[in-house]
Amino acid sequence: MSNLMWLAIILAVLLGGAYVFRMVGQAATGNAPKFRDMGYGEAFGYVLGGALLVWAVYYYFQPQVAETGVPNAGVVFFRWAVQGFIIAAIAAFLFRLLGRTVGTAGSKKLFRSMPLTAAFGILVILIYTFVAIFAGAIAPYGQAEILGAANVMAGGDPALGGNPEYPLGTDQIGRDILSRLIYGAQNTVGIAFITTCLAFFIGGTLGFLASTLQGWLDQLLSRSVDVLMAIPSLIFALLLMTIASVWSVKLGIPLTIFMVLIIAVIDSTRVYRLARAVGLNIVVMDYIEAAKLRGEGLGYLVFKEILPNAMAPLLAEFGLRFCFVFLTIAALSFLGVGIQPPLADWGTMVRDLAPFINFAAFAPTAAVTPLLAAGAIALLTVAVNFVVDWMLHKTSGLKE
Amino acid sequence: MSNLLTIKGLKIEGRSDETWNPIINGVDLTLKKGEVLGLIGESGAGKSTIGLAAMGYTRDGVRISEGTVEFDGIDLVKASAAVKRGLLGKRIAYVAQSAAASFNPAHKLMDQHTEGPVQHGVDSRAASTEDGIELYRKLRLPNPDQIGFRYPHQVSGGQLQRAMTAMAMSCRPDLIIFDEPTTALDVTTQIEVLASIREIVEEFDTAAIYITHDLAVVAQMADNIKVLLRGDEVEEADTRTMLSDPKEDYTKSLWAVREFQRPAKPAVPEGSVPVVSVRGITAAYGKTDVLHDVSFDIHAGRTVAVVGESGSGKSTAARCITGLLPPRMGEIAFDGEVLPADYRKRTKDQLRQAQMIYQMADTALNPRKTIGQIIGRPVQFYGGLTGAKRRKRVNELLDQIELEPSQYYNRLPSELSGGQKQRIGIARALAAEPKFIICDEVTSALDQLVAEGILRLLADLQDNLGLSYMFITHDLATVKSIADEVVVMKEGKVIEQGEKTDMFTPPHHAYTDLLLSSVPEMDPDWLTNLLEERGVDNIGDAAVDKM
Amino acid sequence: MRSILKIVLQRLGLGLVTLFVVSIVIFVAVNSLPGDFAEAILGQGATPESVATIRRDLGLDQPLVVRYFDWLKGMLTFDLGTSFAQLNFANFGGAGSVTVAEQIAPRLSNTMFLATVTACIAVPLAVFLGILAALYRNTAFDKAANMFTLSSISSPEFFMAYVLILFLAVLNPVFPSLSNIFEGMPFGERLEKSMLPALTLTLVVTAHMMRMTRAAIINLLASPYIEMARLKGLSPMRVIVKHALPNALAPIINVVALNLAYLITGVVVVEVVFVYPGIGQLFVDSVKIRDIPVVQACCLIFAAAYILLNLTADILSIVSNPRLRHPK
Amino acid sequence: MYGISRRGLLQSGVAAGVLAATGLPLKAQTRGGKFTAGLSGANTSDSWDSRTHSDLFMIASCQGAVFDGLTEVAADGSLIGELAESWEASADAKTWIFNLRQGVTFHNGKAFGADDVLESLQMHLGEESKSAAKPIVEAIETMTKVTDHQVQFVLAAGNADFPYLMSDYHIMMYPAGQIEEAIAQGIGTGLYQVTAFDPGVRMTASRVADHYKGDSAGFFDEIEYIAINDNTARMNALMTGQVDAINRIDFKTEALLKANPALRIQEVTGNQHYSMPMLTNVAPYNDVNVRKALKYGINRQEMVDKILLGHGAVGNDTPIGPANQYYNTEMDQLAYDPDKAKFYLQQAGLDSIDIEFSASNAAFEGAVDAGQLFQASAAAGGININVIQEPSDGYWSNVWLNKPFCACYWSGRATEDWMFATAYEAGVPWNDSQWDGDDSARFQELLLLARAELDSDTRRAQYYEMQEILRDEGGVIIPMFANYVQAVNNRIHSPDVVGNLWQMDNARMAERWSVA
């Protein structure tokens, strides 16, 4: 009850503050247009934003360890988050600065019009690519290497069962979690990338064929896609993966290959829809008509006339699809049917390490491992989304 | 009498690529009560921007950087949003170019009409509805009692444009901005809208700024005319002076466009085989016939203009000829040889012989290909030329369309102006070395000066290469300047056809007559005379309906 | 109106056909689940004889086609069959046995409850934020909202779930992390227990809906009739509410429907994390023990929900479109 | 690990309430409060039909709270009467008389009597019965009602463990004539009466006001069992205080859990064991020397350390574990010795041997890893093991009992005879080593002798010998016994001795634990 009361009081103060803020602003700036035309809601927004900022700064400087000696996990996490955010912002800024000064005229121009978020996205993608390719060189141990020290806690604090040799600890059979996290980039990202490419190959080809040829082929494909899309993708994937788990053993083909195929097919339905829609938009263009009237073949139409124009939306969709595939794989791994051990995979790692979250209150460092794995997933998808957003913004012109 | 609107030193900037670029570089303007000022200029001249600025409004990404816009003593540049809201709609109203897009599709016309008066507290809803019906009647909208209770999509374009004028009038404003209100309309519809606007502005003694690119139209509407060029004022004078005695070269060149006229060609020799022969084609989209028994011939080296209003079947006829829409009945012959109806069944050579140039150069050129690729493809496809030979041929073609090859070869369409793009379209058609080219409204999207250039180019090419053109257009001025023969179409039928000289000399078929007489002329009294001639109740649509 | 009715009927027909084909796909997929129920339930006790007995009892020895039509017939009469798990041991005239319908009903209603709670939070929030972001686009608020929603859309659901547990259950015990709701639980308690899963789902779906709303509104704000409305001197609120929203309804309805479908069908992971007794958990458990009738019924319900919601959205946007509502 | 004191089996037994001879150091336990537990092993298909029970949630709900059996195993492993007050056997252990407790009523008010016993046992019989307890009840040739509170069972063959068998969690007492109702609503004679049951979700029950167990058991006013199959969620529920106890904690977090002062971990070694049966009628496993070579080629301690992460005990190739009465503690432990393995291989006339080991995690968690460890350790002894990963689906019908050497697990049995009769007696279907040839003759003979032997010391000697035979010649490698590990909030008191026959104090925490 008192919580509610506090909430009401804070709200009232903020509401009052907004009124004062606008009034003071008007008086101080001599009724400048900014304040003169400011709505009350907008003023409230400013005050709320300011209040949040003040609270954030206040909270940031709270002691990390409470007087009782128990770490104040909330503050610890908040500091990490803020520091991470600032470091990310600075890194992105420096990266953009680098891009603006080094490189060809074209790339410089690209970087000049780039928002910080997109620069951050590109930076993250580059780092992931680097880590994925050179995982073997970066990781201190092999992903499947059993080191003989099982269940070492993260944080390297021997009092809590840690070991400085394994900063993020080891898993239940003694594999180094840091190494697995690094290899996860290779497996999770690599597999997701292959899957997305496959989905685009299948969906894109069929979609463009349908939009170019139309008629019964279009009808057949579109209705089939409707049917496939009516079954929720995660559930369908779960079902098919369960079936595949037997075939994989019977045929001796790794389950991962089945997973790539299954997710690619399920996802290709979404790609098909987009490719078809984009294709239909392009097919009505006069230059396609001109090419048709010239007597051009289907291959030329699809690959030389339609595809180059569909690249921008497809590329943007590729980013989003990649994220989606990535998350689906993570979810499947989380439910236990995704990438199989001993391959390191972030989704499985989150599931396996999740119990540590419960101990955040007295061992914040231990709680961080599952968050690191999940964060690795989130960070990449955020980054891709940032880049996609920017690309969409760029291709749609200055409309927004 | 003091000025209602005074604009001084107005500078406007637009944002692109993170920087602000000037759009209007200092324009002055005054308007007295009851006065109509015509703003004229080509696209990009800043007409609409000034029109909106006169209301104290700028679109997103545009800002007024300097100058004042004083309306009845209030500076709209500095006024607060609330003050402006109090004026807009109530004392300054706006009539947009496309009424179809500017009416909210979700609400009935009358609801949108009464919204202004009710919100501004000018009138009650009921009274405003009453007034709206009265305005509709004044604007001679059919069925004025009921038409307001329809949704925008249920009303035709011309009627919507009048309803929008009525809506602008709903608060009896002192000033109305008309932003190209008739540009999107057919000529016959344009007349009635022009007439209504003029009448109502006169009746309520409303001041107006009339924005258009069409000189003949502005001549009918405005007391004064201001000519703009790329954000600068060229000159301003009262209408009659301006029309008869323009001072500036630019203005003169604008005026001169109308004078381009090709010499008549000798008549077709008896018994010569036409290049293209359209024989009794009937075609349908789905189940409804859109073409009924259409026949005409196009002879070598001649231009046949197919005219008609939108929806008359001009473009459908072209689609039948190209084979995109196989006709239900009838046939197409090329050099006397009957072509397969479907383009997919035609030989490469048959396809090569007939080429097409499109209205919208933007959609006609693949935006991802360079000019060299666009023109080079047919060169390679039909002529089998590759490498240096191909490059040479493309250069020749670029020379032919008067674009410097070295400069344009590697450009993308987006880096070209509208006229240049249209020229590339022509070059692509020429690359196939055809006998016959369909020109589908090739100049209607272009500014008049540019359009004239294209027409001249086409004429020259015809003279040099002996091409035949099928020239689809709704613009009779274009017909006059370029055609040898004219085919008039309406509702999928050919109404009349013949030599241009015959067609432009009376007597005509009634529809042709209506079409011809509806083309505005540069005479300020033209509209008045025409209305008198036709009788007040007998203009526009109504006249057509009676045929 | 006739044309609208026709379009609606057409969509309905198409939906039914789709559902029929989906039922075949599901039946075939589910029935090719490896290691059938008999083996799964018997575990170590699976001898060839006992497996054969159970298979015979369950009708698993019938040809696939016969089983499909039996099942379809049952579906049409809303008889979802009897859960294998129940059938297996029901010796006492079915006293202990519960039909699939009885088994699914409470789970489905739980999931619907969760979906409703989430929708009640997420839809207004998303639309409100979307409108705000559209109005104040390219401001700090818009960018912050954009970044926040992008981040939440990009995180795996289980991550969001654990983060919420961390902050709202472990560090600050505001809500329980265990959502073991049951029938007859007082509404308030039920709401409290469902709060964390609902918030997780809200985070997941709000972002999508908000972005779509924002895009739809921005798209509309650029249209001439909005400019016209502004030039008529209407207040910004009126421009949004009266002129932009009615036209943005169709895209917003679509994205809301899509997300609602997701709420009903995509909650598997969230239900697992919070031990929420919904249909998603039932599905996962049933797949594990190969309880074919339950798996089939769940799949069909998911598909039907998806089709139905899309259909509803379709019909709503048809009905909200004056062009179709008032033909020329 | 808790030390467990043990009593010999008596020819006759009596109920704990009467003699207070349970051996439990009874602290003053207070009545009252609510107990909430987060338990795994729940399923949407759960019901009050005890014949179908196989996992903790329902066992704890049914046997542990709502229903009673005739006998029960106390925390120390001794057998005490539950609904049976006392029992007596004939000298050949074939005829058993059970005296039933008087004045007991079911939750619906019906009085408990001999008819209920007979009808409840009948439930497990019949062609169609799929009850897991069918073999136990089938061994009864005749059951007769002597008086309203006395029943007589005549067995087909003497069995000294018969009262033990009656403590099986499948054999619960239902009200005669109302069995359907009882299964639907959960009407038993237990300490707790069901207030709500949501299959696969939760079970709540309240203490019966006037119960025959009186103040010696059932200290909570209310109990709530919440089904939480997910490890993380279960742990979370415990950490956030939403439940008071959970079963099967995640070993990963054990160190952190121990650091939480509000919780304590209970760990007991029971009879649950992981095994690797060889088909002894198939070459090369028909050669006892090959079997011995394999027994020396496996590193048991490593398995316990890596597969069970130390939460277990090394096995000695007998299924008899610390929870059994005649667990042979004097027998030498088999140890990893590649030289011996090589020696026995040479005895078999071989230098090295190639064999295939089939495994899947369906057998037990980590079975494939265990196979790989075995592979590595056996290689030194000249045994080349090829580990074949089998699909989890259909493992029990296609691999187990079919493939000559595979992974398997047993939850163990309360008595030696029961365990042997299930998986080691010649001719029983689940004899997963098919060990019934000449080399098992002595074992099979002892099995029958011990079964009918009522004298404890004689029995002990017999069972000790059997375990030795199994260790040396048996066809099953049993490398490890897995512990039961559970965690309890300190708010809840549990007795010092915790049952090790099953998880969670033999699933009877509702009866034995109380609010601290």
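Each chain carries a letter (A, B, C and D) given by its place in the written order, and its residues are counted from 1.
Operating definition for what follows: contacts are C-beta pairs under 8 Å (C-beta built on N, C-alpha and C of every residue); 3 or more make two chains touch, one makes a residue touch a chain.
It should be emphasised that the depicted structure is a prediction, and the values quoted were computed from it without experimental measurement.
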Every chain in contact with both subunit A and subunit C is listed here as B, D
A student comparing C-D to A-B should find more C-beta pairs in contact for C-D
For the pair subunit C and subunit D, the C-alpha centroid-to-centroid distance in angstrom is 42
Cα centre of subunit A to Cα centre of subunit D, whole Å, reads 48
For subunit B and subunit D, let me know how many angstrom lie between their CA-based centres, rounded off.
-> 90
Which residues belonging to subunit D are in contact with no fewer than two other chains?
-> 232, 236, 239-240, 391-394
Quick one: which residues in subunit A touch 2 or more of the other chains?
-> 245-246, 351, 354, 357-358
When you check subunit C against every other chain, which residues touch at least two of them?
-> 34-35, 165, 170, 222, 272
Given which chains touch which, is the overall layout a line, a ring, a star, complete, or other?
-> other
Chains touch one another in the pairs A-B, A-C, A-D, B-C, C-D
Quick one: which bits of subunit C touch subunit A in the complex? Just the residue numbers, please.
-> 18-19, 21-22, 25-26, 29-30, 32-35, 136-138, 140-141, 143, 146-147, 150-151, 153-159, 162-163, 165-167, 170-172, 218, 222, 236, 261-262, 265-266, 268-269, 272, 283-284, 287, 295, 298-299, 302-303, 306-307
Per the touch rule above, subunit C residues touching subunit D in the complex are 34-35, 39-40, 42-48, 50-51, 53-54, 83, 85-86, 88-89, 91-93, 95-96, 98, 103, 106-107, 165, 169-170, 173, 176-178, 180, 182-184, 272-275, 277, 282, 285-286, 289, 291, 294
How about subunit A: which of its residues touch subunit B in the complex?
-> 33, 36-37, 112-113, 285-287, 289-290, 292-296, 305, 308-309, 311, 398
Which bits of subunit B are touching subunit A when the two form their complex?
-> 15-18, 61, 78, 80-82, 322-324, 343, 346, 348, 351, 355-356, 358, 360, 363-369, 377-378, 381-382, 428, 432
Which of the residues in subunit A end up touching subunit D in this complex?
-> 150-151, 153, 160-161, 171-174, 245-246, 249-250, 351-359, 362-363, 366
